[in-house]
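Order as written gives the chain letters A, B, C and D; numbering starts at 1 within each chain.
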Amino acid sequence: MNSQKILALNGLSKTFGSVIANHNVSLDLYRGEVLALLGENGAGKTTLMNMIFGHYMPDSGSVDIEDTSGAFVPLSLGHPQAAIAAGIGMVHQHFTLAENLDALDNIMLGAERLNRLRRNKAAARGKVKDIMKESGLSAPLTVPVGQLTVGERQRVEILKALYRDVKILVLDEPTAVLTPQEADTLFGNIGKMTKNGLSVIFISHKLREVLAFSHRIAVLRHGAKVGEIATSQADERKIARMMVGSETEEHTRKLMPPGKPILCFEKVSVSGRSRRESLECIDLAVNECEILGIAGVSGNGQTALAGLISGMLRPNTGNIFVDGVAVKDVRPSVMVDAGVGRIPEDRHRDGIVGTMSVAENMIIECLDDQAVQRRGLLKWDTIQAQAEKMTVKYDVRGPGIEAPAQLLSGGNIQKLILARVFEAKPKLILANQPTRGLDMGAAADVAKRLLEARARGAGVVLISEDLDEILSLSDRIMVMNDGELTLAKTRDRAELGLLMAGDAE
Amino acid sequence: AEKTKVAAIYTLPVEQQWISRIHKALNTAAERGDIDYTFSENVANTDYERVMREYAEQGQQLIIGEVFGLERAARKVAKDYTDTAFLMGSSFGPVGPNFSVFDNWIHEPSYLTGMVAGSMTETNVIGMIGGYAIPEVNRLMHAFMDGARDVNPDVKFIVNFIDSWYDPPKAKESAFAMIDAGADIMYAERFGVSDAAVERGVKAIGNVIDTAGDYPGTILASAIWHMEATVDKAVAHVSGGSFEAADYGQYSFMAFGGGSMVLDESLVPADVASAVKAREVEILDGLFRVNVNDARPSSDN
Amino acid sequence: MIRIEPRQSSSALMTYGIPVLSAIISLLLASIPLTFSGAPIGASYFEMFKGVFGSKFAFSEMLTRATPLIFTGLAVALAFRARLWNIGAEGQLYLGAMAAVAVGTGVFDVPGVILIPMIMVMGCVAGATGMAVPTLLKTKFGADEVVTTLLLNFIILIFLQYMLEGPFKDPMGLGWPQSSPILDQGMLPPLMDRMRIHSGLIIALICAITAQFMLARSVWGLKLRAIGENPSAARHAGIRVNRTLMSAAIISGALAGMAGVSEVAGLKGYLTSDLSPGFGYTGIVVAMLAGLSPLGVVAAAIFIASVFVGADSMSRAMGVSSYLADLVVSTSLLCVLVGGFVARFKFVRLIQKKEVTQ
Amino acid sequence: MDILQILLSESFWAASLRIATPLIFGVLGALICEKSGVLNLGIEGIFVAGAMTGWLAVWLGAGLWGGVLVAALAGGFFGLIHAVLTVPLGLSQHVSGLGVTLFATSVSYFSYRTALPTVTSPPRIEPFRPLDMPFLSDLPFFGPVLFQQTALTWLALFMVGLVWYVLNRTALGIAIKAVGDNPNSIDAQGLSVYALRTGAVVAGSALMALGGAFLTMSAFDAFFFGMVNGRGWVCIALVIFASWRPGKALLGALLFGAFDALQVRLQTEVGALVPSQVFLAAPYVLSIFALVIAARSADYPRALLTPWFKGQR
């Protein structure tokens, strides 16, 4: 590593609607350096990288890059071609592979002129083979990518970037789908390539590999850069603290004796499309008057767990008991009838039908109730009166109960969902990322409601990436990593952070 | 005299053979200054009644068209507009006081063309392609077949209906199939058949219109329909105030000049031509009657 | 650089104004082909107007043409509301018509009070079956219903031709491929003397009002809207997506079948293979024009029928090709499509802000 | 003549290929569009437009190949309308396609009638004639089946090879397949999803139009209303039957052509056991079966019907 700067981000900012994804982020990269970019889910890491690569257009700020002559020039933003031409390669968090093509075609895609009648596949294959040898990454080249394992696909993604003769390689969570051994090999080879002048930015939630393989660490929180540290000076505890921020006050939470179990998982397995969407042989118990916090970096099986509790997914094997009764036909309506209230993770996708009115969204889970319908016709007056009452009670603010729900702000949509869930007096509540994207006030409201439900005797499963939230609300904490659940015996943030990164000793 | 206002309603575009004959006769009358002529083509079945009524409401004096498949509706309209004269191509009879019918009664020239075909086929196989097996098609085919059999008892027919009035590529394919099966003369009831004949170098017999110019060296003879006689008669009756429900079918007979046969002297041997001419005279003199048979014709095997 | 972003909100003016505006623009566009055929523009529009509103007869004819379009438009609108792409209303129409002929031409010689409901029920059942099958193929096998319903149109039409030449063929029809007539007592009563307008229109209007009411006020309607607007949220809320989809399919097919019943037992009296000049396909135009709202369908069907009947009559008066009517109808669909886009999205100019860096 | 005899006759196979030719063009065009992720239901109207404009150009003196070019341009034009509506604007591909069909059809009919207001018989052109190749045309069986077809049939067969070659052996084809599977793969490599899809739809539509042109310039020599008669829709079905492969597309089109040729030949027999409608309907029924099976097939372009917007995740 030498100290020659080759890339500079100058005050990049980006907002999506009301979400500030990046705020005035500046960052430098040096030749031959491996820079790790850390931050909680939603901290804005991917957005920042996408701006370098031209996928997103920054609202403000600029990027400068060293050109072939060694001079420092501004990079034309908003054009992936410009980034590629400048020698930037990016491996995206989500695969950008055409599954109907083989790896070689995927790698060559875009690297060759489209107006040629012939392709030189042999030459390309030779070059890829060389890169494979040099980098130690190998993948079958002649099989359609759809038939490869995720690990192989990940390697194809990296080969794809290296094939374009990159000076700067951006890796967005490259090891999320790799086994630790695969990850080690990958970083070992990347280390070798940096000796030849390659610079690397990689994003990871796994502190172990960050410490082992990076030279420098930059941390983002809520879209802003909160610090940089040389890896030699860092340890896990320090970084974890930088990421999650300073300790905040806990909610005043009365201690309550837990009641009888309200939700039990018995050796439940789900096989999803990938390891991230699968669960293997999970046991779980939630009691009345108890909030069980599930901490973890998203994408470690939380979606599958929530899918099971909300009825969206069916277990392949194992049993689910709600209030002591086995649920045979797992489906949303059965779960609702069994007394499970569900706050979905993606409230726009699963929580509301945006074009339907607030009032309709209030009753959408209890359409068969005699309270809202008679002989298939909605009791409109009752529904409206009820909706008026609930909007007041749960402080749902917006253009009125007749307005389409999509006109509400994110926080008010969440309040609408809370109103729907809590009015049904559920015995069990699934709260999946309930405060994501909410402002302080709205978040506090959610916390208050969850505690009220607990006080009423309900059990709560709280899935969250926000460690503060977990710590302040949960009676017990379990950590989810790689499809497995472990009961945390500690409430220490740093140690929880280590568990979340899969580094439990 | 004041011009008679005539409107025509066609269910197909005016290029279609059958309709083109009516269209031509009306255009001729219009050019002569007898009538004011207006028309609607390609009128969907559903819309036909509306167009009839629209014209009747407009004060058209004579409405001409074809109501095959619309018989009931058309008669209902006529009953509602007794001041308007209707002259409709139809398989059924006239209804008083104002609904007259006509049809392409050119079975006589068809018989004559059959004689030509029967005399000239070498393979003794004649292919016949029709649209739908309806009376107006069937009777011409039967007359043609009678003519051929009268001069050549060994002749065999392959008959096919393409179930469309207007699908030349399909008719052409059908014709190819028959030529492949040995037919050396094609009875061309539809567009497309003569094209196949040209391509395969076999002969064809025309029907309703004279297409000899389009297929030089291919059309041996054609049975041609002339609507002039029918149209002029009807117009005269309307302008004279004497229009009544009647069957105008006879005005398509050869005796009234409604039908005629042309043959290509350069293709048809003189002896055949003279035999046919002789029979033509007999028909005109009323000495020979061509049979009328409306049943669906079928292939010989 | 220009980017397209969804609008946060759409005002009532947008949702109702834009279809109307698109319709007006499409009418104005008709002046281009008019110019080409050398017809005076002003007089042409006047004739068009006269062809629809010029007389009681013209008006009743327009309503007669609108009747099947209301049925097929409703069929398409309800299916599309559930994001079920029913392109097969044309085939379902013929299924309904065939069922009407099967029971209505003499098999049951019963009084009209029994026969008419029987014809309608059988027509609906036949149409519903025609949509239920592709929907089943969709939910069970993932077969795209656009293609299956489209292909079924042809299969049904071929089947119809077979029936018209065989079992249905009118023995009195002199060889024409047409069915025997529906018994007199089986015909839907006409609405006016000397006019073709028949009580099918009343049934269509009742269907539209019912559909509007059921969509807005019934549990079924709410479920249908929910699975159409956001299937994921609907499923999360416990709505059975496939079951609701199937119910939408059945109602949609039944409405298309009613279009066939109304044309056969209301207008023509017997069945031919050219009963419908594409009412099923035009139904799609009608439904889109209506923004998929049932009452909107009535307005759109009347608009399309007016354009068609008006342009048709105008072409007759001005000596312009009658294909103009179809041209205007298709332009209005494209205009409405683009209009719908403008209502939902906005174009944002992205200006790269260069900050002065010292 | 029994079925076996028909099936063995050269004229039957020649007819199958002839009937298949417009379908080959259409199915290849639809295949290109769908490979890039865009369903093009405008095909039926584009056939009509191709048939009308190609014929009209020849009639006005453009020459046969000039007519082919004009037809392709017209097809490309209507394809562009569909592409603009569905690619950057992301509107419903179903509705836009049907809209294009209605529009292209009515524009063609209207212009035909306006250009030729008072014809009593459709004006004819001198169409493509069957090629007479020395020696080859005289071969037994293959002579009549292959070497007495018109140039457009040869063009269609050549197109099968060309489309196969482009899709499987050129960078452009690889990119088209990629954009139909996962547009992000294209975007991530700095290529334009919009340009690729628009280009594919325009090119595919141009090819479709040639199918229409074949009808008026080779199968027949004049333009008729309603002469396309559902052939476009058949192609939509055949693409699925062919599971998006050019070679199988040729096979499917030939199969369809064979059914049709057989149907015509059987109808001339007296007392054929099966009604001719069975043969007419068979290709459609087969296509639905194929769709049921293919819906989960690996060849299904995964991004078909899904609009893609830049910078949205």
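Just so it is clear, contacts are C-beta pairs under 8 Å (C-beta built on N, C-alpha and C of every residue); 3 or more make two chains touch, one makes a residue touch a chain.
Bear in mind that the values here come from a model prediction, so they are computed numbers and not experimental data.
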Key: Chain separated most widely from chain A, comparing mean CA positions   = B
Message = Could you work out how far the Cα centre of chain A sits from that of chain B, in whole Å?
response = 77
Ask   = Distance from the CA centroid of chain A to that of chain C, rounded to the nearest Å?
value = 45
Ask   = From the C-alpha centre of chain B to that of chain C, how far is it in Å?
value = 38
Ask   = Which residues of chain B are in contact with two or more other chains?
value = 42
Inquiry  = Show the residues in chain C shared as contacts by 2 or more other chains, in ascending order.
reply    = 161, 323
Message = Where in chain A do residues touch two or more of the other chains?
response = 57
Task = Please list, in label order, each pair of chains that touches.
result = A-C, A-D, B-C, B-D, C-D
Ask   = Touching chain C in the complex: which residues of chain D?
value = 39, 41, 81, 85, 88-92, 94-96, 98-100, 102-103, 105-107, 109-111, 113-114, 117, 230, 233, 236-237, 240, 275, 277, 280-281, 284-285, 287-288, 291-292, 295-296, 305, 309-311
Task = Enumerate the contact residues on chain A facing chain C in the complex.
result = 10-11, 57, 59-62, 77-78, 310-312, 331-337, 342, 344, 349-356, 360, 364-365, 367-368, 373, 376-378, 380, 407
Key: In the complex, chain C residues that touch chain B   = 55, 57-58, 61, 64-65, 161, 174-178, 181, 194, 196, 263, 267-270, 272, 274-277, 309, 312-313, 316, 319, 322-323
Ask   = Can you list the chain D residues touching chain A in their complex?
value = 169-172, 174-175, 177-182, 184-191, 298-299, 301-302, 311
Ask   = Which chain B residues qualify as touching chain C in the complex?
value = 38, 40-47, 49-51, 53-54, 57, 68-69, 72-73, 80, 91-92, 132-135, 138, 163, 294, 296
